[in-house]
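Once you scroll down, you'll see the structures, which are given as structure tokens.
Look for chain A in each of the two complexes below; its partner is chain B in the first and chain C in the second.
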Partner chain A sequence: MSDITASTPTLHGGSPARSAPITAVGPIAWVRANLFSGWLSTAVTLVLGYLIVRAVMGFVDWAFVNAIWSVPVNGNGVAQTQACRELHGTGACWAVVTEKHRFMLFGTYPFEQHWRPALVCLLFVALYIVSSMRSFWNWRLIPIWAGTLTAIGILMWGGVLGLPYVPQERWGGLPITLILATFGLAFAFPLSILVALGRRSNLPAIKALCVLYVELIRGVPLISLLFMASVMFPLFLPEGMNIDKLLRAQIAIILFAGAYLAEVVRAGLQSLPKGQYEAADAMGLSYWQKTGLIILPQALRTVIPPLVNTFIGFFKDTSLVLIIGIFDLLTAGKTAIVEPSWQGFGVEVYVFVGLIYLVFCFAMSKYSQGLEAELNRHRRR
Partner chain B sequence: MSAALDTQGHIASAARTDAPPAIVLDKVNKWFGALHVLRDVDLQVALGERVVVCGPSGSGKSTMIRCINRLETHQEGKILVDGIELSDDLRSLDAIRREVGMVFQSFNLFPHLTILENCTLAPIWVRKMPKKDAEELAMEYLTRVRIPEQAKKYPGQLSGGQQQRVAIARALCMKPKIMLFDEPTSALDPEMIKEVLDTMVMLAGTGMTMIVVTHEMGFARQVADRVVFMDRGEVVEVGTPEQVFNDPKTDRLKMFLSQILRGH
Partner chain C sequence: MGRSSVKQPVRPTVLRSLAAALLAMAVSLPATAQQQPAAPASVTLDAIRARGTLICGVNTGLAGFAQPDSQGVWRGFDVDYCRAVAIALFNDPDKVRFVPTTAQNRFTALQSGEVDILSRNTTWTLSRDTSLGFDFAGITFYDGQGFMVKASLGVRSARELDGATICVQPGTTTEQNLTDWARAARIRFQPVVIERLEEVVNAYLSGRCDAFTTDVSGLAATRAVQPRPAEHVILPDVISKEPLGPLVRHGDQRFSDLVRWIHFGLLTAEEFGLTSQTIGQAAGDARPDVQRLIGRSGDLGRMLGVDNAFMVNVVTRLGNYGQIFERNLTPIGIQRGPNALWTTPGGLQYAPPFR
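And now, the complex of A and B:
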């Protein structure tokens, strides 16, 4: 509460405060306090510093200095990777990425139509950016999402507006990952809120249903859910009816993510003191007014870190769809190096694919930190 | 709003015996599990009457007033508020909660909303008042509790006494006919108790029907038309402040008063 600054004289009229000596503030003080505070910390600093410099230099050598960025292609379209093999691992063969990046990003989607999945990826990124802006957090988001997702569907399938039809079996790469993650979380999050509320409901049937759902889904590995969705589920459908494989995997992911997120949301609901519910009740707010205006805004703010943690986890877990033969980004990367001339260059491919995942996950993480700080303004004094 | 004071500094009673009673409790019984917390509680509160409820902790006084707006449910007996009987019917519950304001011991302001938003929330969503009107009304009540300048702040930035005054303003914004106070000063530092009690005295002067659970005997003497003494879930004595404090009839009340006085 007090506002004592460096230049304020002391309360009792004594000598004015002097500025701190250079050894107590500023970068020099920081280095002394954190890196060289004693002989042990000095030794640790020197050893670790040496190791870090060695590792960074080694990586720079491998990734940039000795790297090969392109290789010649012979008349049959087969890449001549001799130069890469002669490096014996001392340098990266980025040629594999240069040559194969379109396959990794878009899978087996018809080559001359690649602009369509590329545009889809851009649309997704634009959708994320718009959705992250708080000035759009109102009814406008609903038409924006509906419009963008329709456009994405049209672009991917085609068959209208002069776009050739592309069956879902030929989709692959980054659009698949983004579709699974975006639809997955966009549906799983509202579902999880309903389930978390249902688990705290006074109505025994609703409560039992929600408990059963969460415990059943959480108790089973995602992989087995995916298998069930791809193998068992069609057996229960009536003759002649068939649901798209991607959609089945999508539903499995939504159900799985929903169960996990529900527990995170429930933790937030439980963190609220009983008085908040009572005050809302005493004012005559209805259940949904109380939940929407008082309870959820507070509960969700509290659980932003674990919520985003789960979001990031599921973004990466979409790669598990490879086991039921769906071609997501990671599977496409893996398939790209099946070709004999490119075998053995897995590291470069995985670094590239990993970098794409990292960009999305890091953006989510950074955004959530900013959001947390902004939404919890009221906690500051 | 100058409160009419009689010779003892007591605010003149506004109780209207001609009108039907604002609150009727008729043989109300309540159990928490096997624990019998309210035993045959009978109480009638007239429109405009101010009742102070006191008693040792665990005597059921908070439970009783929480039954009046159904934050707790009673198992036996009848409770009528403003002529409407409390039941499981949600519509009658909504109607009652609209007419009954409540102030809690721990304030229970909504920390994620500003002071102004705290006050306008229920008028906008429950009374369906236009936002602008609700804000004007809220500023009027915030002025009455003498904190209009804090309207844009969050509850966490205010002192306890200020928060409790906001809580009173928030309840008043619903224009309730009845106000319930559940130990409104018990969670406050001593120097803040007076500002909250002053606000409540001001409110008493407007003729509001009030039921106040409190141990503040000075407040009870100044504003109460009647004092209810409860012990172990029963209403033991009811009377004017003079009767109850100066001339206790039962040993239980005598003991309670001696403990209260020793504590002060």
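And now, the complex of A and C:
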């Protein structure tokens, strides 16, 4: 009814169906009721409106109108950034992103092989999309994940199928962030379910072990775990034996995420009424049948929002690996502006890197909203 | 005496068997010794050779010293020292794997064997040399903490900074050096402590502090990228000694010898005027020192366990010390200063003779 636009009736002067006056329905009415209902509200609206318009115009001026998109590079590979510096902050120097985007995205990966990490990023995104489709939520997901992760490993390392070998310390940028986040959460989630179940177990040894694990890991910051993995752990190993730096960081992240997720899952387990457990027991289901068929589906459903919250948090926490010298997306961005000619253009780089993080986190958040609505449809009143 | 004479009969047999063993070794030794005059018994060198690449710990990003360029290729002064070692060993500057290390994990990386050599603007101090268990192979860069002020202030010496606000980064020794120096010089100052380099520089530029202090190399790099560098003055006072150089693990003298003499070789090449362009034609040079450096006389390379012409390979690909300095540090505004050769006044870079 109200989706006839306010101006339609005036255009068709004598049309048969007349809508309500524009002061009563439609956007104008909404504006009158919500923004200009009294002198105070009008004043606030005008002041805020002015500030918002100023800010937006300032941003547009900075980001687009006055921006410089590329600068010449001299023979020695040194960029001539005088043009950018003469802006004195009135315009963005996107030239730094134009010049350095491949380094920020792929780090020190051999330049002519950049198609490989690029393909890896696409594979990751495809993997996320496939995994998010409910029609794939069955055994087929296991070979899909195994196959994709193998392909990713082959692409990153190479050494087979005519791809030159690329050692791990040359990996960098977005693939590192995606690897740490994906493997971290993919391993931490099953671990967290086991720990959460273990913490509610009647077996005292298992329960004590799980409580100890969760409390120990939650009691220290992720940074100190990464330090342990990077600085202390190698000293405990026998001479000449080295576990890959990335793998050590990855394990630290898995253990850390596992402890936090376990508490989220435990919250879900505790939210179930006792009757569910008793009903399952009454039907003669074994422990694993009960857990797999009755308890977990309901428990996990209720904790989707905090789960996704933790996922998003960990996606961003992977950037902490910068303290142990792994070039993830953020570190690569920071390193890009070390070069003297590009020093001082941090804002542009951070906007670029922030946008990439935003895309992934926003997609996760949107998807979880949809998932939550769909799975909890039966509860809607 | 009497007791020892009782035991006497036992000794000769032990001695005899020992002598026999020594004789056997002496017979077998010359054969191997002729192939390698000073066969290096070095765990690190053997591991590097078996691996086929050198693993070098570098800074995660420091202008001029170590930083990946837009294509992800590592460049810089410290990086070139890694490449020099790789050239000496394999005659290939790309047989190096660079492991970025932070200020926190650099020493563990070397101790645990994750890297073979740490070439990462690390100051040579007594405790690092001894209790951390490292060998510093030499001083490739003499640095020190200094001050930068705006030229308009008219300050000529750091002693005139009494009552000034000084921008400094926390955590490193920089802050402590500043406090120590101020106490010794009886100067009161107001510190403005900011973590990130970019922000601390902005604070100085916007006038929040009168002076900015960090290592002179860092000051020069900051000054060089300002729109009008002449507006800033780096004061002549240097309040700390920061001798930087590559370091290796203790107890592997063969490897530290090699790294040390590559550095000396680069200095010697500059001293004799041999550049990447001219060292190829140095065979006709009559100076005996040059002949030894390029491996045409003497057996110096083999004493280090590498090819006799190792310095020719290094200098041809990377240039001598001066050329490495010019390529990496001159563009960011760092003067030779104390890093000039000893033959120039004020220069400290001095290499022992190649003989």
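Note that the second predicted complex is superposed on the first by the 346 of 381 C-alpha atoms of A that agree within 3 Å, B and C clash if a C-alpha of one lies under 4 Å from a C-alpha of the other, contacts with A are read in each partner's own complex, and residues count from 1 in each chain.
The criterion applied here is as follows: a residue touches a chain if its C-beta (ideal position, glycine included) is under 8 Å from a C-beta of that chain, and two chains touch if they have at least 3 such contacts.
Because the structure is a prediction, the values reported are computed rather than measured.
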After superposition on the shared chain, which partner residues are touched by A:187: those of chain B (first), chain C (second), both, or neither?
-> neither
Is A:281 contacted by the first partner chain B, the second partner chain C, both or neither?
-> first
Could you say whether A:128 touches chain B, chain C, both of them, or neither, answering first, second, both or neither?
-> neither
Once the structures are superposed on A, label A:245 by its partner contacts, choosing first (chain B), second (chain C), both or neither.
-> second
Comparing chain C with chain B, which touches more residues belonging to chain A?
-> C
Using the superposition on chain A described above, determine whether A:297 touches chain B (first), chain C (second), both, or neither.
-> first
For A:289, is the partner it touches chain B (first), chain C (second), both, or none of the two (neither)?
-> first
In the complex, the residues of chain A that touch chain B are 273, 275-276, 278-286, 289, 293-294, 297-298, 301, 377-381
Chain C residues touching chain A in their complex are 47, 60-64, 67-74, 97-102, 104-105, 108-109, 111-114, 198, 201-202, 221-222, 224-225, 227, 331-333
Note: in the complex, chain A contacts chain C through residues 76-78, 82, 85-86, 99-100, 102-103, 106-111, 167, 169-170, 172, 227, 230-232, 234-235, 237, 239-240, 242, 245, 322-327, 331, 334-341, 343-344, 346
Which residues, counting only chain B, touch chain A once they are in their complex?
-> 69, 71, 94, 97-98, 100-102, 104, 106-113, 121-122, 125-126, 154-157, 170-171, 174
